[in-house]
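In the two complexes that follow, chain A is the common piece, with chain B as its partner first and chain C second.
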Partner chain A sequence: MSIDARNHDDAETFDGSGDDTGDDGENKSRVARWADDWIRNPEKAYAVMLVFLGGVLLTTSLFPLYWLFNVAMAPPGQPDIPLVPASIDLSVFVQVFRQVPFARFMFNSLFYAFTVTVFVLLVGSLAGYAFGRLEFRGKTPLLFSLLVLSFFPPATLFIPLFRAFNQQVPMLGLFTLPVEVYGTPAAVVTPLSAFTMPLAIFILTTFYGQIPDGLEDAARVEGTTRIGALFRVIMPLSAPGVATAGILTFITVYTEFFFSYLMTGNSAADWAPVVDGVLAFQTQYTVRYDLQAAASLIAIVPVAILVVIAQDKIISGLTQGALKE
Partner chain B sequence: MSRVKLTDVTKQYDDVTAVDNMNLDLNDGEFICLVGPSGCGKSTTLETIAGLTKPTSGEILIGDREVTNLPPKDRGIAMVFQNIALFPHMDVYDNISFGLRLRSFPQDEMDERVEEAARIVRMEGMLDRMPSEMSGGQRQRVAIARAIVRDPEVFLMDEPLANLDAKLRVNMRTELQRLHKQLDTTIIYVTHNQAEAMTMSDRIAVLNKGELQQIAPPLTCYNQPANRFVAGFIGSPSMNFFDATVGDDTLDANGYSISFDATAIDGVASGDAVDVGIRPEDLYLTTNSAEARDPSATFAVETDVLEPMGDEIFVYLKPILDPDDGGEAADFEERQGLLMSVDPATDIGEDEDVEIVFDRAQIHLFDDRTGDAISHGVVADANVEAVDDGVQAD
Partner chain C sequence: MAVEQAGPEVSDGILTRIATRTENLSEQAYAYLLLVPAFLVLLLFAFWPLASAIRMSFFADVITGGNLGGFVGVENYVRLLTNSNALAPAAFIDPSFQTPILEQALFMTILFAVLSVTGETLLGFLYAMLMKAEYKGRRLVRLLIILPWAIPIVIQGMIFFLLFRPGYGLLTEPLQQLGIFSSLPLNTTFDSFVIVTVADIWKTSAFMALLILAGLESVNQDLYEVADVMGASRWQRFRYITFPLVFPVLMVAMLFRTMGALRVYGIIESTSVGCSTVPSMTCLVTQLMFGSATLYGSAAAVSVLIAIVVGLFIMVYLLFIRQSNQSLGLA
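Presenting the complex of A and B:
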């Protein structure tokens, strides 16, 4: 067999003898052929990279959930958690609701999330309308100060708010809150609305600013006020933006720990959030890690459902906002 | 159906005056076109009437009500927009009935009115379409249906045909005129297209730089323009202009000397500098000079470029350079030459020496400084006619 024939692509198929030089030649030419192929068809390389990256991302994001499931399946007191659960016993998910009023804990958190979202969308829409569609003096400084405010760590505001809500101190020497807010939903809803507002305003400003003036003019000529045009025409047409702002707010508040934990009591009846529900499986002497894990998994469900339902809107909302400003 | 009256309406944006002391008095049922070049304040004027913009000063009356400070919804107006502005998230029915729903009309009356409006604009059977599923012309018809369904006192139209293609525009123009005949409602129509204004309106209001130049029936604007701006804006192709000096019994301009009697015309005296305007169709070849009502003397010129339009030919003329007076002739050529319109059957070629006459009855004289019209026609009787019915802006 000549060298020419051995280096020929087809030669390897027939070459059963497999001497060393032949193998090297084969390997080189295979890598070279891949390289050639990928240079000619870059989409193949992208596909491989996509699968690889996707695999990494999926593993890092889904493995914790799988681990949580494993912990939930392990019987109480079991010292090590195997990679594959020894037995599948779904009754822990029911036990979660039997042992503590977990449904009420979840309701409390969902209530906070829902209330704050509605409030933020309403007020944020008015602000977004003003920033996105009106020209007025001091618009840029105002928008900028909003941005600066959103950089403040919320924790720094906890102590003053705690005093104001708890002890009814005179605020700025001007007024005292009429009732003790601490321990009521207002103590969570008010500060969280303030913290989630800037992002919502920015998203809504971008979207409302893109609606053509003609549509608003048409609505006003047809018989709405400016506010009416906002809610009847501008908001429906900005649905992706409103959905994005709403869902981001909802998730932020639902998963919020610091304020909702500290501003309320520890029992479900005292408006404690879902975190308190998870921690309720911990007593002075025992910790039911399996029930805590199961409770955590249950707590994820509402947000997961919301995201699945609204994912189209969120994606179009986020990318649209990103492209236009 | 209502009259509309604007008194001293001014709109200022920071240091720009968009509308300057506008006075308009529109009759009930009239079709008025506001025309002017871009940025002349015609859209702003319309917006102040609609209530979308508040005037800096002045007063607006619709019917007998003062509406200056009322929001748009309380003015009894409907508007059709340049960008059509149908609500994209609503179907045709919802778009048309939007204003009725806001006013809580009973369902059966609403159905009836929507169907009637859709019938008028020939959109029956398409009430469940979405705006994205329709052509430009259909959308514009829906927008018009949305405007007529509420039976408004005044229609405002802001370049409603500007975004349509040329053929559709001509169609819609006819439909709008038919609609006006049918509804007999006051229509205020903004356009920068003087052909639209000429063909559709009862009266044209010509605006420039925020000021009303002239408001008059189309033919009056054409034949007796109040000033140089109106003369140049109305009519396509535009009127020819050149500088001239008034002599004792002639009008002298760059080699043209047109005989006229300065004493018979008010406002000019020998030695005055004036702007002379003459439309392309009021220039004649000497061979056709019989068609002119009052032909002037003959002038030798050279043809430059021909633009055959089918029903007429536009001929660009340049003066023949006079070796004795080369400077002035060159200057004249630099200014613009003359444009003449001739019958398509005329035997004429490029770069030919021809002789032309001016129709003296159709020569317009404008004040050199203010641009105001002095006379339409430079013969005594023509001028009398012009003074009689020239409706001029104050």
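Presenting the complex of A and C:
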């Protein structure tokens, strides 16, 4: 779409670049010739600037990750790590799993992220359908209450939830949660579902609201139930929106620190997530920075794969409507 | 789309029976039914904790056992705002201004939010322009720019811990030689504040870039053609088309990030800077809860104060957005 804008620029500078072969003397330095060329032909200068800026920006963005790899490759206990690793020894990545049940930590985190995502998409879809496609009394106040809710920091919700899960303070003043719930996935999954739900509902509401009524009516005439229409027509047609909401939820939960750190114990067998796995290295094996770095790199892999697969969906989903609310 | 096999009478599964039952509901009743699961979860794990936290903030602290004392009204708030809670690990705000700014949770957090949101907006805009331009290998560049967004906070912390660790980190020594950093940067408030801010900008500018890119992509490309025909320069195209049209998205993105920055906690813990060195507002909540004394009333009061600060920032943004919409003639 936007290629033509650039072509027009070329057209504008056409008269300038036509005669630049004539007066370029041999005695001019290369730099001066470049400068001349760029003044006549600003597109080239922009291209060079873009490459330069891009280089700087990518370095900024990637250097910290490269450093992590570099530390992982350095021998344990080495005080000054050179910028380029002396040798590449991938056995640290295996050692990570021997020192700490890191696979279990990873599994726990992925389990949390996956469960919350599925739950939020399912429950959020029902609500998104109601908000996006149905008329009912109290719609605006209910949507507004969601908006207000999403403004509150997790710290505010945390204290009562911690007491309910850990000290059996009655919820709503009515009933207490069983002691066993703390240390199970439920203690992390439920608060994080509630915490990620409002944004998912907003995104789904926007997308579901955009589907023309005719498509749903057609399916209904063919005998599909109301709920069937939601899952067979509306959701598939809103795939970019569902994907966006799902990916945002998954990444939020996988990268989250506050609840994951404070609502769990720190042993992998008790459903502690990656947070505790990485911190386990920091506290127990303080001399083995190479292992910490290797563990960190391993924990990035699942989300990195997700971003590779889904980057176009994320961008198009956000462009198409997630930001219109 | 498998519509033909969906006749309600065909199978007798429980789902089908529920689906059939809903057919006879009015639109209003059906809407409420669909909202029940979501709002049930939110009631238990969001609305109730919220109300409960507000209520708790009006009750006295009990130093041991994690209980609450009697009703004390706004005393918890008064003690926090006058810095007269002897058991508090750090000042929320010190009206006598004897505590350095960075050791007062409120100002430290606000300064952090302002610096990091400004930094990540500028950097995020540059990233977004780079992701928007067309060239070979753009997919890869986009991927590499987005990547930090998907990195768990604990690993973000680990990276910057390794970069700045004394005697080990790459950046510590040069900064010490320049006289910017002290000998123990991870134990010095100013140095740690800088480290935490830089770490936050690094990760969140990727998210910012993603949102701004979405804004850039939704700008109608025909406008640029019109601008070209009228002989607009690159700067004019940015100034009169790109910026005004991306501005609303930019504001929403900044609002999101400000809310995030005001609740900063994870990066402070995971860089092993620790809450005692850089006391953010959320830090104060956890310290009051899990410190040597369990001060639940005061902790709840701090958590409500955080919500109030966030609310004030949101109001400023909304006022600003409304005003600029009016001046742009979009309202």
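The rule is short, and it goes like this: the second predicted complex is superposed on the first by the 258 of 325 C-alpha atoms of A that agree within 3 Å, B and C clash if a C-alpha of one lies under 4 Å from a C-alpha of the other, contacts with A are read in each partner's own complex, and residues count from 1 in each chain.
We take it that a contact is a pair of C-beta atoms (placed from the backbone, for glycine too) under 8 Å apart; a residue touches a chain by one contact, two chains touch by 3 or more.
Because the structure is predicted, anything quoted here is derived from the model rather than measured.
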Task = Using the touch definition from the top, say if A:Gly132 reaches chain B (first), chain C (second), both or neither.
result = neither
Ask   = So, does A:Met171 touch the first partner chain B, the second partner chain C, both, or neither?
value = second
Query = For A:Ala219, is the partner it touches chain B (first), chain C (second), both, or none of the two (neither)?
reply = both
Request  = In the overlay, answer first, second, both or neither for which of chain B and chain C A:Val233 touches.
outcome  = both
Query = Touch check for A:Gly246: first (chain B), second (chain C), both, or neither?
reply = neither
Remark   = In this superposition, the partner of chain A with more touched residues, chain B or chain C, is C
Note = Overlap of chain B and chain C contacts on chain A, residues 219, 222-225, 228, 233, 236
Ask   = Where on chain A does chain C make contact in their complex?
value = 1-6, 8-9, 12, 46, 50, 53-54, 57-58, 60-62, 64-65, 67-68, 71, 79-81, 83, 109, 123-124, 126-127, 129-130, 134-137, 139, 142, 145-146, 149, 151-164, 167, 171-172, 190-191, 193-195, 197-198, 201, 219, 222-228, 232-233, 236, 251, 254-258, 261-262, 274-275, 278-279, 282, 289, 292-293, 296, 299-300, 303-304, 306-308, 311, 314-315, 318-319, 322-323
Inquiry  = For the complex, give me every residue of chain C touching chain A.
reply    = 1-4, 6-8, 15-16, 18-20, 22-23, 27-28, 30-32, 34-35, 37-39, 41-50, 52-53, 56, 66, 123, 126-127, 130, 132-135, 139, 141-155, 158-163, 165, 167-168, 170, 202, 206, 210-211, 213-215, 217-218, 221, 224-225, 228-229, 231, 234, 249, 252, 259, 262-263, 265-267, 269-270, 272, 281-282, 285-286, 289, 296, 299-300, 302-304, 306-307, 310-311, 314
Ask   = Mind pulling up the chain B residues that touch chain A in the complex?
value = 50-52, 71-73, 77-79, 81-89, 98-99, 102-103, 146, 150, 156
Request  = Name, in rising order, each residue of chain A that touches chain B in their complex.
outcome  = 212, 214-215, 217-225, 228, 233, 236-237
